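Shared between the two complexes below is subunit A, which has subunit B as its partner in the first and subunit C in the second.
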Partner chain A sequence: MSTFKAKTWAFILFLSSTAHAGDLIINSMHSDPDVKKAFAQLLEDFKKENADIKVVLNTTSHEAYKVQIRTWLPNKAPDVATWFAGNRARYFIDKGLVEPIDDVWTGIDKQFSDSIKDVVTFNGKKYLMPLSYYNWGFYYRKDIFEKIGVKTPPKTWAEFTTIVEKLNKASISPIAIGIKDGWPAAAWFDYLNMRIHGYKFHMALMAGTESYLDPKVKKTFEVWQTLIKSNAFNKSAAAISWQEASALLWQGKAGMYLMGNFITTQIPKNIEDQIGFFPFPTLNPEIPNAEVAPVDVYFIPAKAAHKAEAKKFLAFLAKPETQQKFNQSVKLMPTNSTSITDAGDRFLKAGIETLRNAKNVSQFFDRDADPEVAKAGMDSFVELMARPDDINTIAKKIEAVRLRVYKK
Partner chain B sequence: MKLFDDSKSPWVFLAPSLVLYGLYVLFPIVFTFYLSVTAWDGISSFPLPMCITSPETSCLSNFTELFEAELFWKSFTNNLLWLVFFGISPLFGLFLALFFHVKSNFASPLKTLLFMPMVFSLIVVGMIWSWFLQPGFGLVDTVLHLLKLLPPDQEFGLMTELGLAPNAGVILAAIWPHSAYCMILYLAGLSNLPKNVFEAALIDGANRWQLLWHVILPMLKPATIIVVIVTMIGALRAFDIVAIMTNGGPANSTNTLALYMYQETFVNFRYGYGASIAVVLFMISVGLILAYLRQIKKGET
Partner chain C sequence: MEPRRPSWLFWLLALVLVLVWISPILATLLTSLKTLEELNQGLYWTFPKHWNLDNYIEAFVNGGFSHYFINSFIYTIPSLFGIIALSSLNGFVLSKLKFKGREKITLLFLAGMLLPFQILLIPVFYLSSNILGTYDSYLGVILFHIAFQLGFASFFMRNFMKSIPDSIIEAARMDGCSNLKIFYSVVLPLMKPAIAALSTLLFTWIWNDYLWALILIQSDELKPVTTALENLKGQWVSSYNLQSAGAIIAAIPPVLIFAFLQRHFVKGLTMGSGK
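Let's look at the complex of A and B:
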């Protein structure tokens, strides 16, 4: 299937080489039906304002896109492409493959929060246009919390661990997790490390300038290890997927679940009212809260043929109305803070509040870190959760990969 | 009038398939060998060998790194496990084929049932087995709980272990369809055997074991060669079932060389290093198969 797509794509590229001025070619990885539909609507609205621009959209599946972008970006690039914010984007920016778009940002930058502007700015220039993001945090069973006598969700780590204890006493797995794929474990590392040592240290670690042998990282692992050893997580986590772990929450076998807001679209109808949300508790009161909130962005490749049209499109994406309409239909949050968000969805509302209180947003471990380090990291986190004895060996494994990657 | 003279015509007829073979088989092999001495990341301009771009590095440094990598040896060990245990499936296949050959009239619905996994895509097989082995609510857990072999508050932890254990689940899943495949190959072999030889052997007073050991098995040798070679290749290129059941996890416990190659190339984007794994895997496969064929030839003389 993917080779077929690749061929189709190559064919489109071939056609595009004869495209006229006034065309706009967009490559997208958002192949999910809902998002695809909402994006098609967005393009319709764009065409209404820009009847002279002919838009061509190529949508590829997520995984294939990640591989193929490396082929077309340096060679025959489209005019606009979707990508992730943060270090994943820095990789292409450092290679000179992305066009700076400070001119598009002039006049509108006050409409975006500092934490958003931070993840689209590299070496003082803005390269990316954010469209949506979503928050992470705990989704929990209100009925179970009530049963063990917990009235309000925890704000501090002490309150949090008390709840873990109480749930264990009631023979309910305190926290659901499924790490057949490593990334749900990485969310724990992100949050613990940011809550204990702050955003700045975490991002330096992600960018490869801090060591995994640093005592600070060890401290993060120790807090995590203590939690694992207190039976805070469900059994057999290493063999189940994140969806199977969410089933534990729906069935009332687990009390809470650290996940992205996308999980709320999967809550079964009959327990919808029983699910609540709370942000990751504070561990160190001196550290301002940073949240994990992956931002989806659009950028103009340096080799794009129709940059003027592409800039018009990015300016259109930035508009509060555009962001509001698109994100409302896909249950994501607009990055433009002047967009009015419908408070109809209580999870979105809670998420927006959480992010409003956040000083910074990180992009998630596997987007912030170099892909190789991220893979070694996630393998090691799975190892830690399955066998929480030997923190040093685990740290050394990640460090070995970091040293190799960043000595280049 | 002739378009080509006779000496040329075979080449003319072969040309289309030779072109395709060259393009899709020979060229990728040669290209992979070339990539294995580069440090290509898939995005920079076309790579020159490492020792040319930076004279202080050896052109073989991908390979030195590979042989020092813990993950390489882990994957290699797992492939060895595959060779040994996946290698049992020809025995199952032979047993089933003999059974159905003898009882062919009664057994055809059963034969169809046993042949079924062979028709499934390996992805489906992998999904089915990961549901069987699902800790907590899978079939294996449910049965063990029912038979009281496992206390109700415990889960069968085969697939959550770090180490060699979870390979058992994955290889078991792979044996299921592969035994059916071996059965079909042996059944075809059996149906080609001349009946009068069996009769002659029985008249000469051979018992059934002697018939099997001295008559049937030697005559099945061509089928056996094919079966053993497909099994070896299957064990060495183990990828799809592993990818779907565990994706190499937990923490790389079930990784195989083919999956490791895929991850390095398309997850970590180290095309050069990935190619060096491909080269090593290629060498191992060719070496093993040549050694086997040589052994066979020796037996014949």
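Let's look at the complex of A and C:
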């Protein structure tokens, strides 16, 4: 009996043991198959230089991570965590949950562009270490454009809507979209709003200082409404995810697709040559082009147990060689501008070109706006795409949430 | 009189219903046998181009599912034993021993069942991380499952034991049996169908739990199959094929348990319902 008792106790002890035995615990939300592989390689390279540091990586899916981070960040935090740049990070920084890392940044800040530094700096201090970012734009079928007599991709809105008409006449869905998860619709709002009213107004709206009832926002919704009513989008939009919608493009059932550059990792090989890229066309010639280019970052939680090791790791992340190797294998862009970016990939090249021409860079609707407003906004955009008649009700819905959030 | 044979209409309707019900499983099976490239081209309902089990191997070996699988058992089995042991004792006390406040205690168990568990998220997390110190350990999740399922399980056991005639227990008491002995040698053997039914239900619930494993576990090392499955979903790209293969692997144990205990399951559920 006593050995049984001993075994029982041993078992209970085993059950209650926590798994944190590493010197550097990293929590990551990058669960995409390619990114996971590339990050594992990055960790291998880090271990080669730092054999004495035992690294433990915990990967949680993107959506689950966003829920979970609120539980562990204020209580039992890892040493390094992944997150988004911009307002999404400000939320935690304002609560004192993120460690400032100005010391890691000293000496290397010249290697990063101002627009990147802008989204990692809060109240004069640097809190985040960027690793990659990516551009957005239209991915289109060259063969289909040729078939309907379009030689060059559109530069202006008039050219763009003509192509929409022509595609409709040819019984091809002009623009593919899948908004089951909400966010792909937000890209349309971001771009239309920035192209019509400019970066400054858009960011003020995101920061909560402008109203969604502003006639300017109404104008944005109207342009979008006209487009939806002209049958520019596939009918199945609300029922499918972005990945399912991309199948429409690959099958030749749709002509173009507004997406992030990560879509290029999924192009089937047999049509690879038929896919081209063009940036979102100009709507208002007086407004300089701003682009959506979300930056993915790493930070050290204020409650981290091994800050010295974590800082070593962030310094390693910042290196041009690290950034280049990682991003090349996942077709993202390195944030360190001294990295050699020409990976021989024509989409990456086009993306870099697009961002070079951009006056400003935004982070994407759900990263720029307050989380609650972003949720209300994305729900409303989905509603707009399904029933494009009542713009006013939709604007009022988002405004109600904005007023509640920013009154606090 | 011969019983009426079901008409062809019945068979047709039954066939349609079966097809509708089985289609998601069929789709999962088909998806689990395809490459991501096939799925990207929108080939959802076709047969796979090449028949092989690559996704299963990828999920089980490279995806680390063998490890998460074992974790799921480490969560499920002790929880199950804990709940059955405590709830059968509870059921015995609440149905066969007469004392003041018995109905109130029964009501308390019932009331616990009515609480939606979402409102417990923050208190349970706080309890686990700041008071008990069981956050991010097997024990934290097991304790939670035991505590949370105890209300339902005790109520279930109590109702079942009510159907055991008091005369049996009184006879044992006359022979000088203590309460514990009565429980162990008289009541427990009669409870087998109920225990089997309850175990089947609890096993499925605990095995399929996602939320608590998400809230109470942070380390990859300790994750059960359900949260591991979610991790095959990327920020941008989801490997539907791997997810499907993983889902099918994860579904095997509950299906097996149900298949083996099915007879007891139906018996246990209906027993005690009619007097």
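Basically, the second predicted complex is superposed on the first by the 384 of 408 C-alpha atoms of A that agree within 3 Å, B and C clash if a C-alpha of one lies under 4 Å from a C-alpha of the other, contacts with A are read in each partner's own complex, and residues count from 1 in each chain.
As a convention for this text, a residue touches a chain if its C-beta (ideal position, glycine included) is under 8 Å from a C-beta of that chain, and two chains touch if they have at least 3 such contacts.
What you see is a predicted model, and the numbers here were worked out from it, not measured in a lab.
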Subunit B and subunit C placed together on subunit A: clash or fit? clash
In this superposition, the partner of subunit A with more touched residues, subunit B or subunit C, is C
In the overlaid three-chain picture, which partner chain does A:Asp34 touch, first (subunit B) or second (subunit C), both, or neither? second
Exercise. Check whether A:Ser115 is in contact with subunit B, with subunit C, with both or with neither, and answer first, second, both or neither.
Key: neither
Message = On the A-aligned overlay, A:Glu244 touches which partner chain: subunit B = first, subunit C = second, or both, or neither?
response = both
Margin query: After the superposition on A, what does A:Gln274 contact: first (subunit B), second (subunit C), both or neither?
Written below: neither
Return first, second, both or neither, reflecting whether A:Glu372 touches subunit B, subunit C, both chains, or no partner chain. first
*For A:Lys180, is the partner it touches subunit B (first), subunit C (second), both, or none of the two (neither)?*
first
Report task. Quick one: classify A:Ser339 as touching subunit B (first), subunit C (second), both or neither. Result -> neither
Subunit B versus subunit C as contact partner of A:Leu73, first or second or both or neither: first
Subunit A contact set shared between subunit B and subunit C covers 67, 71, 244
The subunit B residues in contact with subunit A across the complex are 41-45, 133-136, 155, 157, 159-162, 166, 246-247, 249-252, 263, 266-270
Within their complex, subunit A touches subunit B through residues 67, 70-71, 73-74, 95, 179-182, 235-240, 244, 371-372, 375, 379-380, 382-383, 386-387
Listed in rising order, the residues of subunit C that touch subunit A in the complex are 36-37, 39-42, 74, 78, 125, 129-130, 134-140, 142, 214-215, 218-222, 227, 230-240, 242
The subunit A residues in contact with subunit C across the complex are 12, 14-20, 27, 29-35, 56-64, 67-68, 71-72, 75-76, 78, 241, 243-244, 246-248, 250-251, 260, 262-263, 265-266, 268-269
